[in-house]
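Down below are the structures I want you to see.
Here come two complexes built around chain A, the first alongside chain B, the second alongside chain C.
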Partner chain A sequence: MLQVVLLFAWMLVIAFLAFIACTFEDIESDIGSQSNPNSQVQLAAQVGQVNRFFNKAISGEPLSNAMYCVVAGTVVWMLLVRLEPLVPGATWKAAVVAIPVGVGVAALIHMIFSTTAHCGRVSAQKRFEQPIYLDVLYGHLLPIATHGFMTTFCITSIAYIQSNIGTLSGNPQLNHPFALPLLGFIWGITVGSIGSSTGDVHYGTEREFQDRPFGEGKRVVYHGKITRYADCGIRTQKDIAGFCAKFGGPCTGMTFGLIILFENWRTLVGMLLGGFLPDLPVFTASGDAAAIGGIVMGLLIVAAFVVGNLVFVKWVRKKCGPFVGV
Partner chain B sequence: MTVTPAVEEEEGEAEAPKKGLSFKFPYDETEMALIAGIPAAIITIFTGLPAVIKGVGLLLALLWGMDSVRKTSKYGLGTGVPSIGVLGTGYGVIGALMGLAVVEYGAMPALGIYPAVLVGALFMAVLGLVSGYFSNNEKYIAMKIPRLERAMMELGMAGTLAMLLQFSIVTGTLAFQSVVDMVMETGVIAFMFIFTAMAMFHPYNACLGPDERRERTRMVSIEISGLLCIILGFAMLVLGTSPWGAWDGLSLIVFGAIVWFVFFRKFIKACMDECWETVGTGLIKTLG
Partner chain C sequence: MDPVMILIIGYVVIGGLLASLGAHLLPVGGAPAAMGTATGIATGTVQIMLGAVLTGLFTAATVATFTNNILLVALSGAIGATIMLDVVMFMANILYAFGCGVLPISGRVDVDPITKEPQAEYKTPQTDGHGVPNVVFVSGTIGGFVGGFGGALMYFALLNYAHFTAGTAAVASFSIFVANAILAAYNIRGTIEGFHDPKFKRLPKSMIASFAISLLAGIVVVLAALGLGVI
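Coming up: the complex of A and B.
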């Protein structure tokens, strides 16, 4: 029974790490203007709004996050191969050294790619008279790297826990069949996609359109204005990080954390119902029972969310009035 | 989401269209494909070579892939740039597996010569050509991107050669079982996949804009290949697969570090020289 309790406990640790990872991922993408903001930053100079923004156009968020996590995962894997034989019986000691070092290497590579992206994009906008501000370049690299470090650290820890979850909870049979870099790749893609699709409050209704009725757009020509002036002085992305850390970042983190929590929870409950835990039987018909149990739990969760969202939106509309423009 | 600025046709191309092959520096795209593709294919066959030479082949293959991505994306693909790079790498993985499946035909394992892997590259060339034809043809998808067929074909070949070269660097051979054991089960293939994709699409994605210059963009690809070589060198050291001993991995690391440093420095210098202005700090224009 202790093993089942341990499995559920590790699942909660993974969900918590996922929450932190995606929170920092969203803020990191806001500092680098990699996500939604990117179009406004690029367009700004082209519509005559020279700006002091950092243009981190490495790629889409999913791919770039996959890259940091895979680099971290590969370095961690290499270090573990070398370090684990040195500490027999206490392999966690090797992990404690390997994970921060691997993630540090990933952060360095993150900074290299950010530099090439910013310099390349700005120099490709020569005809719009956009200069390279060196203080913008240097000043944003460390915030980007540190936020990226947090994301990559959490994701690599999740990958490490997953690939050793059986050993950690007492039954090595339950270890994830995928290697650590592959898990890092999958998790990186996931964290990037969710960070890209959720959050991003800065360029929506929150700031640019806040004097407008909800849902009403502005002409694209005016979008560049968001890069100009902050509450005091010229706006840079450090202002945006402070703004987005209040709501957008945690909101994104919650999305990812909840997805991980419910997904793992329903799988574990399904395995428990199907008789797969605490000991893995030889693969027989009980596998079907585990899968069916998990899927039914998943459907129940989805149904609960659909009903809950409907009730919540109805309540909000009633309380805050109808959306203008609908 | 990334929005593409409307990229104008290169002025140089409009002024003096080149006829045939001249091989004057800077090379045009066809010349670059020949210069990069043939040596990369030859280096792929001979797996007994030192890792540094394979690293040079990898650098050329990735440069060729980057040129194809640029050729495909120049006509206004914005968010499409990373997709094209990943598509090329996906082609590469499939082509490499295809090549590995037929690797034993005509192989000389004692000498480390595996000519049959190039079947994978040829297969991907055909597949790329067919998919390019279907996406461009008006009867089917009708994307109407100029020269898409050729670019897709080159992407498939460059991706396949790059993946095969990396397999050959890490395992020291191209025998199917050792590739599965050393590359796929250890998860190093994820690293190879993402870095190949990055070396292909990141340069053009990072330098996108009306004033993009091909020479400057290509420096980024070489610089990323240098980073790739450094980490592959460490992977070689950890797996201990090279017949040449630890020096093979170490020399690849040194080679990668030098390539990265030289071209990173060169690229940043080129950017700072060629942009509108490089200033330490300053206010935005309307404030004076």
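Coming up: the complex of A and C.
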């Protein structure tokens, strides 16, 4: 029974780490203006809006996050191979050293990519008279690296826990079949794709166009005309991070946290309902029953979300009503 | 030709075709959706498809350790991808509504084909819709299911018929999936709302391209397995 309780406990730890990871991932992409709304920062100089925004769309968020997480995961994995034999019986000591060191290496690479991406992108806008502000470059590197560090740290920790979840809860047979760097890759891609699809909305629709009417989609005619002035002085991405950390970041974090929670929870409940835990009779009827249990739980969750969206859309349409502007 | 080789190629082709179909069903809004200028999820086709399918693949890999039923493994992956997309679309709607004051409205149809709610008078002029309305949500749910099913099917075939290790099977099936998703993204060209979008009619061309690339990938998988001496 203790094993089952430990499995559920580790699942909750993973979900909590996922929440932190995606929150910081979204804020990091806002500070660096990496994702989809960066099209407006890129366009701004071309329509005469010279700005002091950081501009580092190296690639899509999923791929760049996957890269940092795989770099961290690979370094951690190599260190673990070397360090674990030194501390027999207490391998967690090796992890405590290896994970921060590996993630630190990924953070350094993150800063290098941010520098080259920003300088390359902004220097290409010379013909639109957009200068490279060196204080913007130096001032944003550290916040980008620290937020990226938090994301990569949490994802690497999730990968470490998942690849050792059986050992940690008492039965090594339950360890995930994927190696630590591959799990880092999977969750790096997923955290990036969620940060890109959910979190961008708050930065792009709301924060970049705050001198436009609130409560409408941004018309094509506004494109590129981003808000360049902050509450006090000229706006940089540091003002945006504080704003998005109040709503967009936590919402994005909750998205990833919920996904990890539902995914692991339904699998574990299925295993429990199918009689698979704690004896683990592999490739038997109870293994099939465990899979069916997980699928049924998943279908219930999907149905709940479809109905929830129906109710939510109906409510918000009734509350706001038709478009009344011009 | 050994029947198991035909089986591997067959499953890879089916998985590739499902990947292409799933990508067309997803509501992809790209950069315009991040500004509330277009309907759908505010990122590219390949990016959201990869996130969803890898989430499904993670669960499918777990399930494949305790059952050897291909249907159950594929369904587990499908549900995983569907849950990922549903949570993303629902939370995006919450952000649009409470963070930006924007309603979920379709830009491609005047009346929602499922709920029959009128759309046109709620839409901001000079935009192509915004948020994730109900018909788009349902289309995305089906797209996630189909795509996740295809990804997990390929994983199982590579794991149990081509006898790859779990890690290699994941990377190979994911790579075949990426190729198909990118082909679909070329076909979509920007944004798509789902099965009710006029762009959905372009699907057959993408399916032909997907069939060709998946067949080639299947043959390469078989050659690799033969070279490794595992089949």
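Miscellaneous remarks
In this section, the second predicted complex is superposed on the first by the 288 of 326 C-alpha atoms of A that agree within 3 Å, B and C clash if a C-alpha of one lies under 4 Å from a C-alpha of the other, contacts with A are read in each partner's own complex, and residues count from 1 in each chain.
Rule of thumb we're sticking to: a contact is a pair of C-beta atoms (placed from the backbone, for glycine too) under 8 Å apart; a residue touches a chain by one contact, two chains touch by 3 or more.
What you see is a predicted model, and the numbers here were worked out from it, not measured in a lab.
In the superposition on chain A, A:Gly170 makes contact with neither chain B nor chain C. When the two complexes are overlaid on their common chain A, residue A:Leu299 makes contact with chain C while staying clear of chain B. Look at A:Phe178: by the touch rule set out above, it reaches both chain B and chain C. Of the two partner chains, chain C is the only one touched by A:Glu61; chain B is not. Applying the stated contact rule after C-alpha superposition, one finds that A:Phe247 touches chain C and leaves chain B untouched.
By the touch criterion defined above, A:Pro85 lies against neither chain B nor chain C after alignment on the C-alpha atoms of chain A. The partner of chain A that touches more of its residues, comparing chain B with chain C, is C.
Comparing the two interfaces of chain A, the one with chain B and the one with chain C have residues 35-36, 39, 60, 63, 178-179, 182-183 in common. Interface residues of chain B facing chain A in the complex, by the touch rule stated above, are 1-3, 5, 79, 81-82, 85-86, 185-191, 193-195, 197-198, 201-203, 205-212, 216-217, 220, 223, 227, 231, 234-235, 238, 264, 267-268, 270-272, 274-287. Across the interface of their complex, chain C is touched by residues 35-37, 39-40, 60-63, 176-179, 182-183, 186, 189-190, 192-194, 196-206, 208-209, 214-221, 223, 247-248, 251-252, 254-255, 258-259, 262-263, 266-267, 271, 276, 280, 282-283, 287-288, 290-292, 294-295, 298-299, 301-302, 305-306, 308-310, 312-314, 316-317, 320, 322-323, 325 of chain A.
Here chain C touches chain A in the complex through residues 30-31, 33-37, 41-44, 46-48, 50-52, 54-55, 57-59, 61-69, 72-73, 75-76, 79-80, 82-84, 86-104, 115, 117, 121-127, 129-130, 132-134, 137-138, 141, 166-167, 170-171, going by the rule given at the top. Touching chain B in their complex are the following residues of chain A: 35-36, 38-39, 42-43, 46, 50-52, 57-60, 63, 66-67, 70-71, 73-75, 77-78, 81-82, 109, 112-113, 115-117, 119-135, 178-185, 228, 234.
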